[in-house]
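Two complexes are shown next, each including subunit A; its partner changes from subunit B in the first to subunit C in the second.
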Partner chain A sequence: MNRRRLYSAIFSMGVQHSMEYRLHFFLGLLGAMFPILVQYFIWTAVYRHSGQAALFSYSYGQIILYTILAGLVSKLIATQFEQQIADDIKNGGLNKYLIKPVSYFGYRLVSFFGQKAIYYGITALLLGGIIWFASARGALELQAIRLILFAITLWGALLLNFLIAYCICASAFYLHEISYFFVITSLLVNILSGGMFPLEIFGESVVKALQFTPFPYTIYFPVNVLSGKTEVAAMYQGLLIQWGWILLFIGLSRLTWQVSMKKYSAVGG
Partner chain B sequence: MFRTMRKYARLYGIFIKNCLIAQMEFRGNFMMSLLVESVYLVAKLLYVLVVFRTDLHVDGIPPEGLLLFIGMHTVVTGFYVGLFFTNFMKIPEYVKDGSLDLMLTKPVSLQFMASLRYVDLALPIPDILVGLVMIGIGWHAMEIPLTFLHIAGFALLLLVSMVITYCLMIIPALLSFRFVQTGAVSEIAHSVWDANNFPMAIYPTWVRRIGTFVIPLFLITNFGPLFLLGQLSWLYAGLALAGSLLLFVAIRLLWQRAVRGYSSASS
Partner chain C sequence: MDFIHVRELHKSFVYYRKEAGLRNSLKNLFVRKSLVKEAVKSVSFDIGPGECVGFLGPNGAGKTTTLKMLSGILYPTSGEANVLGYVPWERKNEFKRLFSMVMGQKNQLWWDLPASESIYLNKCIYDVDDHLYRRSLAELSEMLDVQDLLDVQVRRLSLGERMKMELIAALIHRPRLLYLDEPTIGLDFPSQKKVREFLKYYNEQFGATILLTSHYMKDVEDLCRRTIIINEGNLLYDGELHRINDRFGEQKIIKLQFSEPVTEQRLAKFGRIVRADDYSAVLELPKYRLKEVSRAVLDSFPTIDWTIEDVPIEDSISMLYHKESVG
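Then we have the complex of A and B:
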């Protein structure tokens, strides 16, 4: 089987896997709406009481738009494969990938994109509706270049988040019970990426410090590209930095897995 | 009646002791549970950060007063994750793999065994500690007198909150008697749960009505602090108690109905 056919089969398996429990899938989407609604009511109360036009440099419209977009993007880029990789390492499931002419990294990456494909399509539809509504209400100034860059940075965010999670998964070679560790890291990464609140709530110095980490480039940056908060020059600069982080994490993931693989003892499988 | 209650109290004590022994056997996991819940707590504290950084007032209640509500939510979350969460997550597994069969044969209430067997002693520690500190700060800042009546009323409403929490959060587990995958319903229930960490006054009237009379979620976090702030009379506290007991009876009937439809899957 040539590589193209192999990976398109893996991609197709990922798509099928995501649609295995369709009701579960759509209820998951519905579940993502509740935190957004809660934050909508909180921010509405905050702005109503403060009487100020902008808080943390966001107008009311911008913060609501940020809340909705960040909620959708964080759901879109969520990985959820960490436990499967940890099980493969712990129970010997990794063996079959080591002896077959397929890269484990390639398998996981293409399968991840396959699992996200339908979600990406649905999110695109939802985003279309939100963008149209926000621009009709004057909360968003629609610019073609921002839409294009948002689509590019969103794919970049998906890839970067995958790579961060894949690097973290290498710790399963060293730790016996790791499910807790994944819960902690995914929640912390989400907070530092701006998935819960805009990073500005932590203060200016924290925002500046976080710019030197990959986290803002997974949620905070793509959302602000679309919402218009990021200046035009900063958009291109941010895009370059995002892809710089992606390249760095590709190297880092290869390195961590090569080093960690030496610890692997292929038990079971 | 008294003898039965004593028997169940003794049995519950044995469950707690058994869970403590099991958890102490794997102390690393105990510490990790503490750490996981602490990180969730940090995420919740971000809301406190927003409240104080924006000087949010809700219905005239200043940020310090809002700590009473967020603290109450945190304390009840602690009790929920400690006493109920593990059990409610296990019920769908019991139904799926047929391990409920063995429980059916035991000379105690099936609902008691399935929904209260496990107690996690690590998860609630950060929530209850930090929640009580927040309540303490709010209590002091709002100059609420520390009298027996205030403490008794608050304790009663905390008990009401726990009964309502049990009744509402067991519903996704009850659905597992009918559906295979109930994970997403649990996820929605937890998202709705998080909607409760602010006073219900931030929500529009129709949401408040649903959250009070249809799914009495807002009673969990709001009634205790409102009582302390003098915005809830003893009459309403009594009504909340009666309402929670009625809800418990309804859940008991629902449980019995769900079990009647149970067909052993395996074993």
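Then we have the complex of A and C:
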């Protein structure tokens, strides 16, 4: 009961914090437009010159829709707290959480959800507009069940991406200067998750191999659930796998942080 | 039972040395010479409930490391400690509810939000009853005179105002034990004074135990009867602050003023000359010679005014540091 009150306070502070940086968010959204635009022109040129109706099993309409949706979803699930956590570890900011009866993990997670709440709403509106437009143009066949599953998998993606980033953050206990490391890992994770373009581009074997990693379940999978690329049966299976990964990463993040925290304590802050 | 019980606490860190220059940087990429720094070497002391103890020492003496061990942030290399019945580094939540730590150089408030939000967050973290929370907040903010600033974003507050908010946030759950690591660092004099008065009030009103480190002697003089001094990880002194002078064979200071010039040569035989010019002099001498010297300087010099004082505590403490590091 009291924990609920604590976490609702942290959530609300996360929301308020995000409102302090409204411009930051809108600029971020604007920033997401550029790669989408660039890809739009590239794909248009590619499809026009190939003379084929479908490439990598995507029709022109589907690939453009994928690009837009994946761009938005990557923006939505982006964590952006790596620097902050690394800074806490390196400069001893972690101390203030260690001496309080609160879990750092819970604190960060709930505050992250709080900071994302408004963006989630805005992105939902944007997505609504895009979905409406796409279905009006015939690029998307609208199904209620797909919309619902998309919303569910999106929350799952948010959680899974948080957990992956949180595990990566533990490296700050071992490496001292890691800002560039984070740039590279987040870019790599984004590509492997299908945030840039559909995974089919890498070839069938890569897609198969990636199915055994958590990455496709953060962007590629939710987007394909919505767009209708994923078969009905595969949707439920994918949802299960996504939550399987989430559980696994909860365990993994606990473990890495427990081990690392011992090191932190031993070396000092 | 003692409130804080520390026995032979020891903490060493491994660190790496890099000599200046690119060549050594390259060398360090492959071979690093690891060295061990003993930040705290076998420190023991006991603190009773309600005591306010000043924890002094030069930079790098091991003060903060000791506080970090006593709050559970660091594991010691060896030794034992018991704080309020708990072993700090076991980090039990029940223990964490009993104390607070304020570091003058670190902040715990959310930078972009008003301080009231962070204070409310602490209320939730420590599970403070609503009624008690409202009362404490009103009381603490009035004492520190910051009621009007509670709803201002922390980043817009001055350093002094921010420190006051830090204190409110740290005390909202009425901790029985308070660790203060240089709480007045960088503050202007009125703010320093206010913070000191407030801490004194808190200590007296709630019987809270305080362990305070500071480089401002005034903080320690005003708040703490007892002082623990450490240097290079060793405990040098544990006792009442104003009795530090006893360690130096009861030295006294005589300040003299003359109506006519007096040369240093003539003064030298009476004691150590701390400072002297033609018309004034400051001498340091053992207490047992006080009477004899006073009589002699009054008789043999054109003295128009004189005072007898204790050696300033700062000087005694510096001597203490120096003596230990040399000997």
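One rule holds in what follows: the second predicted complex is superposed on the first by the 263 of 269 C-alpha atoms of A that agree within 3 Å, B and C clash if a C-alpha of one lies under 4 Å from a C-alpha of the other, contacts with A are read in each partner's own complex, and residues count from 1 in each chain.
In this text, a residue touches a chain if its C-beta (ideal position, glycine included) is under 8 Å from a C-beta of that chain, and two chains touch if they have at least 3 such contacts.
Note that the coordinates shown come from a computational prediction; the quantities given were computed from them, not determined experimentally.
By the document's definition of touching, of the two partners only subunit C reaches A:102; subunit B does not.
Between subunit B and subunit C, the partner in contact with more residues of subunit A is B. By the touch criterion defined above, A:183 reaches subunit B but does not reach subunit C.
By the touch criterion defined above, A:9 reaches subunit C but does not reach subunit B. Once the two complexes are laid over each other on the shared chain, residue contacts for A:92 go to subunit C alone; subunit B is not touched.
With the contact threshold set out at the top, residues 21 of subunit A are in contact with subunit B in one structure and with subunit C in the other. Across the complex, subunit A is touched by residues 13-14, 39, 65, 68, 71-75, 89, 91, 93, 96-97, 99-101, 103, 106, 108, 110, 112-113, 117, 120-122, 124-127 of subunit C.
Residue ranges of subunit B in contact with subunit A, taken from their complex: 28-29, 32-33, 35-36, 39-40, 42-43, 46-47, 49-50, 53-58, 181, 183-185, 187-188, 191-192, 194-195, 198, 202-204, 207. Contacts from subunit A toward subunit B in the complex involve residues 21, 23-25, 27-28, 30-32, 34-35, 37-38, 41-42, 44-46, 49-50, 55-56, 177, 180-181, 183-184, 187-188, 191, 196-197, 201-202.
Within the complex formed with subunit C, the subunit A residues making contact are 2, 5-6, 9-10, 13, 16-17, 20-21, 92-93, 95-96, 98-102, 265-269.
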